[in-house]
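After this come two complexes, each holding chain A, first together with chain B and then together with chain C.
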Partner chain A sequence: MSFVEVNNLVKHFPIRGGILNRVIAQVQAVSDVSLRIEKGETLGVIGESGCGKSTLGKTMIRLIEPTSGDVRFDGVEITGLSHAELMPIRQRMQFIFQDPYSSLNPRMTAQQMLAEVIRFHDVVPAKETDKYIEELLETVQLRKDSKNRYPHEFSGGQRQRLNIARALAVKPDFIIADEPVSALDVSVQAQILNLLMDLREKFGLTIMFISHDLKVVEHFCDRMVVMYLGTIVERLSCDDIYNQAQHPYTKALLKSNPINDPDDRETLYILEGEVPSPSNPPPGCPFVTRCDIAEERCKSERPPLVQLGDEHQIACWAVTHPANASTSSDAL
Partner chain B sequence: MTNSSSDSRALRKFLRHKPAVVASFIIAAYAVVAMLLLFTNMITMDDTLQRVGPETIPGFSSVQNPEKRLEDAEWLLDRIDTLAGREDPRAALDSFRDLGVRHVAEIPIEDLQQRVEEGWEIYDRLAEVEDLTAAVNGTLNSPDAPTGEVVLADLQQLELKLDELLAPMTAKEKSTRWFEMLFGTDRQGRSIFYRSVYSIRVAVLVGLITGLLSVTIGTIAGLLSGYFGGWVDNLITWLYSTFASIPNIVLLILLAFMFDGGHIDEPLNRWTGGLLKWLIGGRLDETLIPVYIAFTATFWIGPCRVIRGETLKIRELEYVQAATVMGFGRTRILLRHILPNVTYLMLINFSLLFIGAIKSEVILSFLGLGVKKGPSWGIMISQSKVEVINGFFWQIGTATVLMFFLVLAFNVLSDALQDVLDPKHV
Partner chain C sequence: MSTTTTQSSEAKTTTRELALSVQNLTTSFRSDRGLVTAVSNVSFDLFKGEALGLVGESGCGKSVTSKSLMRLLPEHVTRYGSDSKVMLGSDNVMKYSNREMRKIRGNRIAMIFQEPMTALNPVFTIGWQLDEALRHHTKLNRADRRKRVVELLDMVEIPNPDKRYGEYPHQLSGGMRQRVVIAMALACEPEILIADEPTTALDVTIQAQILRLMNDLRERTGTAILLITHDLGVVAQTCDRVVVMYAGQVVEQASVGDLFHNPSHPYTRALLQSIPRSGKKEKGKRLATIDGIVPSLLDMPKACRFAERCDCRQPQCDVEMPELVNFSGDRSVRCHFPVHK
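Coming up: the complex of A and B.
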């Protein structure tokens, strides 16, 4: 049994309208996602804006209630737990938010914010709270005397360190990091990633790292899943993604990475077309509208995730059951 | 949050805002006067109702015209003459000062009557003059008319005679008299100074009580409706939309009739177990209770709307989500993470409602619906309608100027508060 398991998780948001305010459509933010995260590993979740990766993370931590499916954490199913039953789990699962500017209460100093969390969960005895706060600040490489400062007195990078400190304050095992560096400058991104890597090692954290930046995920994670329109289209190990990736969407993502050469701009590959509306996804493969190897079958049937290699799964008819190959094999 | 850097920074920013600092001093002065009026007997309701002069006496250092001086002298002479002719003249004369005028001199009745006679003689001479003002200016056309100097001398002599009739003033009486006459008197001879200053009490009471009640109710309703949403939100939104559709004045007329004649102080005091009496010592004007209720019923909508909107916004912010992830309960999130971020709206709304209530009270009193007992700026303005036509502007002037400074100061202050406390302006 894995440390964190997500089974067939579905989250639909109703769209209401009309005079009677009835549900007229559903935004299918996450449709039938299953995941396994082993203890101590770092899983990257990658995909473009609106593909449901943040919703997946927030549903896993019960910030959003799932429509169906379940989430198991260390063997306990947490989807049906009440507020009180969830409390010990809350302490073990934490979330790092994307926006360092809106994720800190502007009316609380670093000290007040951390103390509230520590006292609420009684992480350390009351007398040691101050000492523990200083330790935490040191851990995330903030100065001890910054504890009496308000969020607006910190820079973006410092705020994100404070966010990490808050998540770490309750001594969690599992952290969901929702694009923790995407709002930061590139130089600061590297600092925060290095910090996260150090902390992962120091505390033996299991991390689910949500990002849209392939390079960051490749650098930071052990395995990754690629999401498109609420579903997982490919899952693979981060060791050699350039050779491993088979799904046309993953390939397109790899090719669209900016190249560090001003003369080589021409080769930048840009995916044509728009993402279909998540309230009205295509009946077959979600990627069919933009895929350049799409076949007839892709339009009507949803491809299942098929095992390709040891740690490699892919949902694509064209790759797993190519139309030409199947006809030739039928002929044989 | 004591000694926090964000608050001290806000304070520094506020202190740099010079007009706002001046405004706070003005407001503080009004507040001090209001407190003195509420809790001491500096000026009592009786003072404002007492007659201190014959009738309209000009304030603002205006010079009286000779006709007016003669009229005033006639009024005094007539009073003393009548009283001296009573069966027990001494007792009658003692009651004279109940009219708010000075004591009558402690001299034998015969001497008094003698002086009154002399006074009437001079008065008769002056009354014969056809047009006193013209005579004083020397523009009277008839050849046998007295010259200006003669008329003026007569007038002064008459006033001196009246002074002899009245007891000399003590120092305290002199200063009291000076205050009484500072802004003149109204048509009933009541001191405008007393009436207008006493009106501060009503204004501050109405502003403070309706402001506090409205902001408290509005904040609670706004927080609940914004944070919980669903049927709570629907109910509160429906409630304030309904209340907003009732015109303030109609509601007030209704409430005024409801509470008319009923003694509200008593049952309220019993209901709160004597707390009300202890708190304000029965100084809550019961005639003002319909005003408080009617204003609060419509004024809470403003802060409620604003705070509901802000709560809706804050509820979705990541720091509230982070608090949820931490497992904090709803009450804790509401009180520790949302409320502190809307307090600036409470302050700004209070300062806006305070002046809103004062202005509405003046308008309603002008219409005869607000204050029923004692003076108010609205009542003073309403009474001065007739005076203004005759050129007596000091009653409406004093009431307006006092109200103007209070409202202006609060406007400046609430502007500055918005600048200083709104995080988006930082």
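Coming up: the complex of A and C.
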């Protein structure tokens, strides 16, 4: 059994309207996502804005209640648990938010902020709290004397360190990091990524790393899933994504990512069209409206996620269907 | 220091024509704690038909530089240096009155702002907003203007331009709004287009569309583009030359090939190294970082501003401010001990 298992997770947000304020449509933020994360693994979740990657992360630790589907964490199904039952498990799974500017309470010092979490989850005895906080700050490479400072006195990178300290305070095994470096400058981004790599090793953390930056995901993660319009379209190892990727959307993402070589100006690949609305997705493959290898079948039938290699899964009729018709039963 | 003009080895550079020349631009703001100098002695040339990248991290003064060129900063708190010049042709824009300034804004120099969500007025149709520049700067009649607006929308590849004319900004997606903003900037076929982080708020697939669009326009109309960005990948893919800024100063200026393959200034080198690279052997390795933080604008070192964080720091660096020295062709570096290969 995997450390974290997500089975057929669905999250629909209702759109209300009309004079009776009835539900008139659903935004299908996450539709039927299944994934596994092994202990100690770092899984990257990549996709463009609005593809449902953040909602997936938040639903997985029940910051948002799922519409259907289940999430298993270390063998325990957490979707049906009561609030009280969930608390000890919440302590083991933590979330690092994207925006270091809005995710810290401006009226609490670093010390108060960390102490609150530590007290709530009863991580260490009360009289050791101060010492523990100093240790934590040291772990994330902040100066000990910064504990009496307020968030506005920290720079963006330092705030993100504080966010990481807060997540680590309860000694979690599993961390969901939602775009932890996208608001930062490249040099600061490198510092935070190094820190996360060190901590991952030191504490044996399992990480789900949500990002839109392919370069960062490729560097930091073991495996990645590519999301489009609420579904996973491809799952692959991060070792050699440029040669491995087969889904037309993944390929388009790779090719539209500007590379740092002025001599290699192979014209940026242009993906035509816009993402369909998540409240009215196409009935077949979600990518069909922008795909250049789409077939007739793609318009009507949603492709299942099919095993291609050991660590490679893909949801695309054009890739899986013509080559082999037998593998479709391996769908996850 | 002087600006680099034509003395290059490349043949094409000898024939290039100056579009805009920025000389010793210094921009300061009045604040409670005294005069804060955000941009000091910035000089660079922008040639016709080229794309010049202006890169640097947040707070290095790139946006203040661009807004100074357009004189868009709040006048009551902004002070420009007495020898600051922005030469558009033979005129110094810095000496222009507000009325004269209005004549060139959106006409000869146009600007694209970072946030496509806030750059458009939500209560007017996009057609009306596109028409605005034409109303002010051209003598076209109403019907001709409308034709031109539809043409512009079509040029930036907005489907059904006739229908979109009457729509409001909220009816468009982020990528389409940014295209409208670009169309607006191009309405009067400006000589110079200043693009301040035009793709930062957009997804990569949309970014690729916008970058291609800007490239096409440059080739077709010969507009000079000043592209302000912190994304070195975007610079590598679109620019001819690059100006690197740090703490309000230009630290290096070079052609895009030289800059990426052979960076001279330690800051440029560190910046390039801190980007995650593709490929198996780089995977999971620690990234190179720049220790320390950018010095505060209120307390700038008198000597080299990067010395604190530099890994090739020498005693001289703490004493003397290095000048921006022109080495060869397009390359200038502000460092006592530049790296040469």
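To be clear about the criterion, the second predicted complex is superposed on the first by the 316 of 332 C-alpha atoms of A that agree within 3 Å, B and C clash if a C-alpha of one lies under 4 Å from a C-alpha of the other, contacts with A are read in each partner's own complex, and residues count from 1 in each chain.
We take it that contacts are C-beta pairs under 8 Å (C-beta built on N, C-alpha and C of every residue); 3 or more make two chains touch, one makes a residue touch a chain.
Since this is a predicted model, take the numbers as computed values, not measurements.
Once chain A of one complex is fitted onto chain A of the other, the partner contacts of A:H83 are limited to chain B, with no touch recorded for chain C. Once the two complexes are overlaid on the shared chain, A:A115 sits clear of chain B and of chain C alike. Shared-chain residue A:L56: touches no atom of chain B or chain C. Touch criterion met: A:Q189 reaches chain C, while chain B stays clear of it. In the overlay built on the shared chain, the residue A:R166 is in contact with chain B alone; chain C does not reach it. Shared-chain residue A:L199: touches no atom of chain B or chain C.
Every residue of chain A that touches chain C in the complex is listed here, in rising order: 48-49, 155-156, 185-191, 193-194, 197, 212, 214-216, 218-220, 238-240, 242, 252-253, 256-263, 265, 267-271, 274. Residue ranges of chain B in contact with chain A, taken from their complex: 1, 4-6, 317-319, 321-329, 336-337, 340-341, 423, 426.
Those residues of chain C whose C-beta lies close enough to touch chain A in the complex are 57-58, 173-176, 203-205, 207-209, 211-212, 230-234, 236-239, 256-257, 259-260, 270-272, 274-278, 280, 282-290, 293. Looking at the complex, you find that chain A touches chain B at residues 58, 61, 63, 83, 86-87, 90-91, 93-95, 97-99, 102-109, 116-117, 120-121, 148-150, 152-153, 163, 166, 170.
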